[in-house]
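Before anything else, here is the set of structures, which you'll find just below.
What follows is a pair of complexes built around chain A, which joins chain B in one and chain C in the other.
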Partner chain A sequence: MNPHPDLTSSVLHGLGWFYLILFVMNLWWTARSYKLDGEFSKDTPILGGVPVATIWAVLSAILLMVSAAHFTGTSSPDTFLIRLPEWFKNPVDAFFADPKIYFAGSLVLFWAMIQFREWWIKDTVAWSLLQGSLIFLALSMSDYDFRQIVGKPDNVPIVAMLFIVSFLTWIYFRRACDNDRRIEEGRPLFEQENNEKVLVWPDLVYTELICMVLLTVVLVFWGIALKAPLEEPASSVKTPNPSKAPWYFLGLQEMLVYFDPWLAGVVLPGIILGGLMAIPYIDFNKTGNGYYVFKERAFAVTTFLFGFFPLWIALIVLGTFLRGPNWNFYGIYEVWDVHKVEAANNVNLSEFFWGFPGISAIYGGMPKGDAFLGSPVATMLLRESPGIVLIFLYFAVLPPILGLTVLRKYFVKMGIFRFLVFSNLALWMAVLPIKMVLRWAFSLKYIVGIPEWFFNI
Partner chain B sequence: MSVGEYIRNSQIWKSIFRHPAPTDRRNRVVVMLTNFFLHLHPVSIKQQGIALSYTWCMGGITFFLFLVEALTGVLLMFYYRPTLEWAFYDIQALRDVQTLGIMREIHRWGAHAMVITVWLHMYRVFLTGSYKPPREFNWVVGVLLLVLTLLLSFTGYLLPWDQLAIWAITVGSNMARAHPFLGGEGPGFQILNMGGYDLITNASDAKFLLLGGRFVGEATLNRFYILHCVAIPIVVAGLIAIHFWRVRKDGGISQPL
Partner chain C sequence: MSGDKPSTDDILAKLRGGGAPAPEQADDSAAEASAAEESAPAESAAPAAGGSPLDQIRAGGGGGAAKPAEAKPAASGSPLDQIRAGGGGAAKPAAAKPAAGGSPLDQIRAGGAGAAKPAAGGSPLDQIRAGGGGAAKPAAGGSPLDQIRGGGAAKPAAAAKPAVAAKAAPVDTAKASGMSAAEMIEAARKGVVTADPATGEPKEAAPKKVALPKKPLPGKAAKKAAEQPRRDFLALLLGIICSPLVWAWGSLVAATAASSLAIARFMMPNVLVEPPTKFKIGPPTDYGPGTVSTKWKAQYGVWIVNAEVDGQPLIYALSTVCTHLGCTPNWLEGEQKFKCPCHGSGFYKTGVNFEGPAPRPLERHGIRLAEDGMLEVDKSIKFQKELGQWENASSFVSV
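On to the complex of A and B.
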């Protein structure tokens, strides 16, 4: 008997219900499509003259059969056929189980989300994406390791959050694209049409009441369905592997891979909060107040979404679902093997610099002891001087240069103080991706490494 | 006269509610002005401003979740003793034997949900540009509330006193140790020294302040309990009041200006 079975009777039962809900959802969608979408054009081979809804009807029928199969298959889960095949799982793990590909992928998705916004806000496309991700989730649930991590009660809200955030982002882009078109055509904004004043009683207070009742129901059912986790009593001698911070801090914990705690845990969170508070004071764009719009505020929205999606949500997902023992990276279907070894042979910038053949030949390698001016501190600073110079260039020299060249427009509108704050915050935002790329490309550990003072960057 | 009408016309009812039933236009205005719980709202409001697909309702949901957390939290405090001896077993009893043990589930899931809805509220406020003048300062108050929500959740994480709790807090509080100047293993603490003695050591640094000791222990549990149940909620309640007041004073809920 396999102690870690991919499928069990209760899993099949749960998945049966899940597919049944998907069936009902698509049944509704079929009816909607039949009313709204019309027929395939007469020129389309085979399908000409057939209602578009046929496709959805077929999908619904398949989902119903799959659901029935799950309910009737609960007696023999070992031989049940509908499960993710190994030839799918293994390449997915082998290819995606890598922070580089994961982060690059999240950047590509982010870019596509903005670039193809006009396309994916369409009803049919959005519905297909939703159904695709739900079916993917259902199929993946047939894998033991996936279920272990995604089905954890504490992780359920994260999965829910992904769907809610996607849905709300869809609403945003839908309304923003609509308003973009209205502005181009000189029509009034969507928010300005039918915008008469209504009485708060009953129009708002009843919405609030219904909302409160629904939320209470959701919380009670959630509380009944999922038990709050309680592990073994606390023990300061038994360290769990991995030790994870609460899920909403996992983006910060992920930064620990690339930065020392003083940066990842203190300075960067401080900058994030300071930067958030500074937003209203550095955004000089007066348009886009009180309505959804993209083109009028393309830069501001893109920057914020960049911080929210690839740098916050994606890192939380990474930290929660993909980081396992020893903070190694594991694929979604991969066993959390404690003995997985990943070579980490990272080198400081100073070692690169002083080991460079030309420089090493002239200066005889890395300065050590009190070789420089007879002082250990001076020697240390000389050793780290390449990194210190780079950091200085990045934060002190780069902003004015940007202000006089590519960002001249912003510099002129913002004035010097505002611009320096803005450009420094923007540069801080880029710090994590830059360090990631340096780590992956050159195995770079520290740009400035002064462990004597705990001052490592 | 129907029973409902009889009750509404009784002296007791009229003494509690300062307004007649909001059945006509005049009284629907009066009710908003004279009821304590409703006076947070204006009397009338732009239709598009309260459309669900516009506001997403996330700020209101966050506030409601805060109230749920306060209510369930108070109920949990009747059962729970924040000591090394009892903390874990009280939670275990809530899970296994106490009648209203589901309060803990609601409290925990409500806390997760609140973290998410705060983010989503901020997300919506950004996307509608509602932080722009004259609402800049209320955005700042909102960021503070976001931080305090995370801290509330973080301090509550320790209270069950199981493995999940203490190690999550250990990971989190190790950051304090690395605080520049104020952490015993942070850059620059050596500067704060008097006559050759370090002022900042692992018994006097930011981590020690947070934990009440060098490790997560009984003092930490006490500190986090007070922070979680009293200190932070008071500050949050005050900031929420300011946040709501400013919404009204800065031009009402977001809508095209």
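On to the complex of A and C.
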């Protein structure tokens, strides 16, 4: 008997309810679609229109049948047919287990989110995306390993977060695109047209009261349904494997993989906080106060969302679902094998540089001891000189170059001081993805590595 | 003087309380006084002087120092003046007015005791408080602004000396000059209206007198005051020591210091429940060639490794603390490496880092072959490879 069965009776039972809820949701949506779109929706590229409501009706019917199948199949889970096939799981695993592909995928998704914003904010498209993700979740639940990760009480809020963040982003883009169109057509903004005022008491206070009650109910049921993830008593000699930070710090923990603790734990978080506080002083764009807009603030919104989605949310997802024992990468359907071997022989930039055939031949490899000027410190600095030069170029020379070329517009508007602050903050933000990619692609450990002084970049 | 101006409320309070009651506000006694005055203007000065009864009541004991006799000389003004000055209502000789505790507001603020202090203009401190206006003549201390601002400090020296009658409440003089309320407020703020000491007639004083308080000139009063600086200093010191502010901050500092000491003491416990830093781990034969022993990991936090380093078989004790962020790595027998579960740092059997973010090799602890043939580990010493300390003979035992 398989100790880790993909499907059990209770899983089938739960999935039956899940599909039933999906069915009810789509039934409502079918009715809504029939009322709004009519029998044939004209708002489609296909000539003659698409019978949108009919498609939703068919989907609802399928969901109802799937739900019924799950309820009736609870007696024989081993032979149950609706489960993810291996030919689907394996490529997905390969995609997620390779951080290069995963990170590139998150960048592409980010780009698509900005680029196709007019498209995916539409009701039908957004609903399709939501249903697609929910059905994907339900199907994936039929996999044992996926269920172990996603169903862990620790990780439930992260799954919820993904949906909530998507929803809020959708609201933003929907309102912003609406206002963009209004500005283009010279109509008043949505916020100006609908600026009806309501009273704090009772309108706002009642809303808050209702939210408070609902939130309390959710928390109580959550507390009853999901056990607190308590573990054995802590021991200084036994670290859980993998050892994960609270989910909201997983982005920070991921940064620690690529940087020295003082950098990833102190400097970078400090720069994140300081940079967020500096935004109002750097921003010279006065538009967008009090209303949603994208085009007027495209640069600001894109920069912020880049820091938020690929560099924060995506890293939380990476840390939660993809990091396994020994902090290796695992696909979402992959077994957490403690003995998974991952080639991770990391080398410092200095080792790359001095080991390079031409340089090695001329200078005889990496300087050691007090070979240079008879001083160990001078030798050490010479050893790390390639990295030091690179860091200097990056933070001291690159900003002026950017200001005179690509970002000239910003330089002119901001003035020298604000521009230097801005460009350095932007460069610091870019440090993380650069280092991640270098690590994954070239196994680069540190650009400057001076363990003697605890100074590693 | 501090640069803050009296608020409008203060000034209005001064106008209403300090001046002679306006006709329309006249209470019974004022009405009586005016009635008496009408019949005999010259004599009425005395009752009127003592006779702003309201003022006296307000002024408390200090106000009581006003003697009708002192007021008398000044009361010799022509009736016309008096009528003009008093507005015909509670008409009082202007000069007598201050004697009657003319700045009742001050006296109320100062309390009875303050008002009783005779050499008010004398002590330098008081003069400073009062704005130093009283430099040449204590009487000048009565610049209206100072009286209002100075509060208790501006002592109505008038009570002792009739000459100081010049401390005339500005309001009276202002009133006497027939100014409107707004003008009076303005004047009081600027402090330009003062009273002539002799007649109580309003007189324009040089604004700079108020704006730039002069240092006390070596006048009569200053000489007097010079006799008591020591006593004043002691009183000042006592006042500082006894002030609630000092007590509050003092007790705060004391409490903080006490708790800091308690914390410092907490850092040095009487009994330290920690494993000994030196311990025997059995004979070298317990650790076969090429093995990593994890049996002391839980108790002492060391791995005992028997491995070849640079072709030489050694036994050494590796610390189980990851050099990245201090987690405890695991020994993976299959992969022959130490692997940290927190951020994926990996170390060879020798302790040298090769993967993940760990910047330097694991640390060795001191180890030696004791006299009884047992290996002894000393956790109080550590040897770091990047500092060249692994060459130290105390960091390994040759097999």
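In this section, the second predicted complex is superposed on the first by the 442 of 457 C-alpha atoms of A that agree within 3 Å, B and C clash if a C-alpha of one lies under 4 Å from a C-alpha of the other, contacts with A are read in each partner's own complex, and residues count from 1 in each chain.
Following the convention adopted for this analysis, contacts are C-beta pairs under 8 Å (C-beta built on N, C-alpha and C of every residue); 3 or more make two chains touch, one makes a residue touch a chain.
This is a predicted model, so every value here is computed, not measured.
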item	value
Dominant contact partner of chain A by residue count, chain C or chain B	B
Touched partner set for A:D260, first chain B, second chain C, both or neither	both
First, second, both or neither for A:P240, with chain B first and chain C second	both
Partner chain in contact with A:L215 - chain B first, chain C second, else both or neither	first
Partner chain in contact with A:W354 - chain B first, chain C second, else both or neither	neither
Contacts of A:Y333 with chain B and chain C, given as first, second, both or neither	neither
Which superposed partner A:Y172 touches (first chain B, second chain C, both, neither)	first
Partner chain(s) touched by A:F306 [first = chain B, second = chain C, both, neither]	neither
Partner chain(s) touched by A:F454 [first = chain B, second = chain C, both, neither]	both
Chain C-contacting residues of chain A that also contact chain B	235-236, 238-240, 243, 253, 260-261, 265, 454
Residue numbers on chain C that touch chain A, as the complex places them	297-298, 301, 320, 324-325, 327-330, 332, 334-335, 339-344, 346, 354-357, 359-360, 386-387
Chain A-facing residues of chain B, complex	22, 25, 28-29, 31-32, 38, 41-50, 52-54, 56-57, 60-61, 64-65, 68, 88, 91-92, 95, 102, 104-110, 112-113, 115-116, 120, 122-124, 126-133, 135-136, 139-140, 143, 146-147, 150, 153-154, 157, 160-168, 170-172, 174-180, 183, 185-190, 215-217, 254-257
Residue ranges of chain A touching chain C (in the complex, touch as defined)	235-243, 253, 256-261, 265, 325-328, 338-339, 341, 344-346, 445-446, 449, 451-452, 454, 456
Touching residues on chain A, where the partner in the complex is chain B	154, 157, 160-161, 164-165, 168, 171-172, 175-176, 189-205, 207-208, 211-212, 215-216, 219-220, 222-224, 226-236, 238-240, 243-249, 252-253, 260-262, 264-267, 273, 276-277, 279-281, 283, 285-293, 297, 301, 304, 308, 450, 453-455
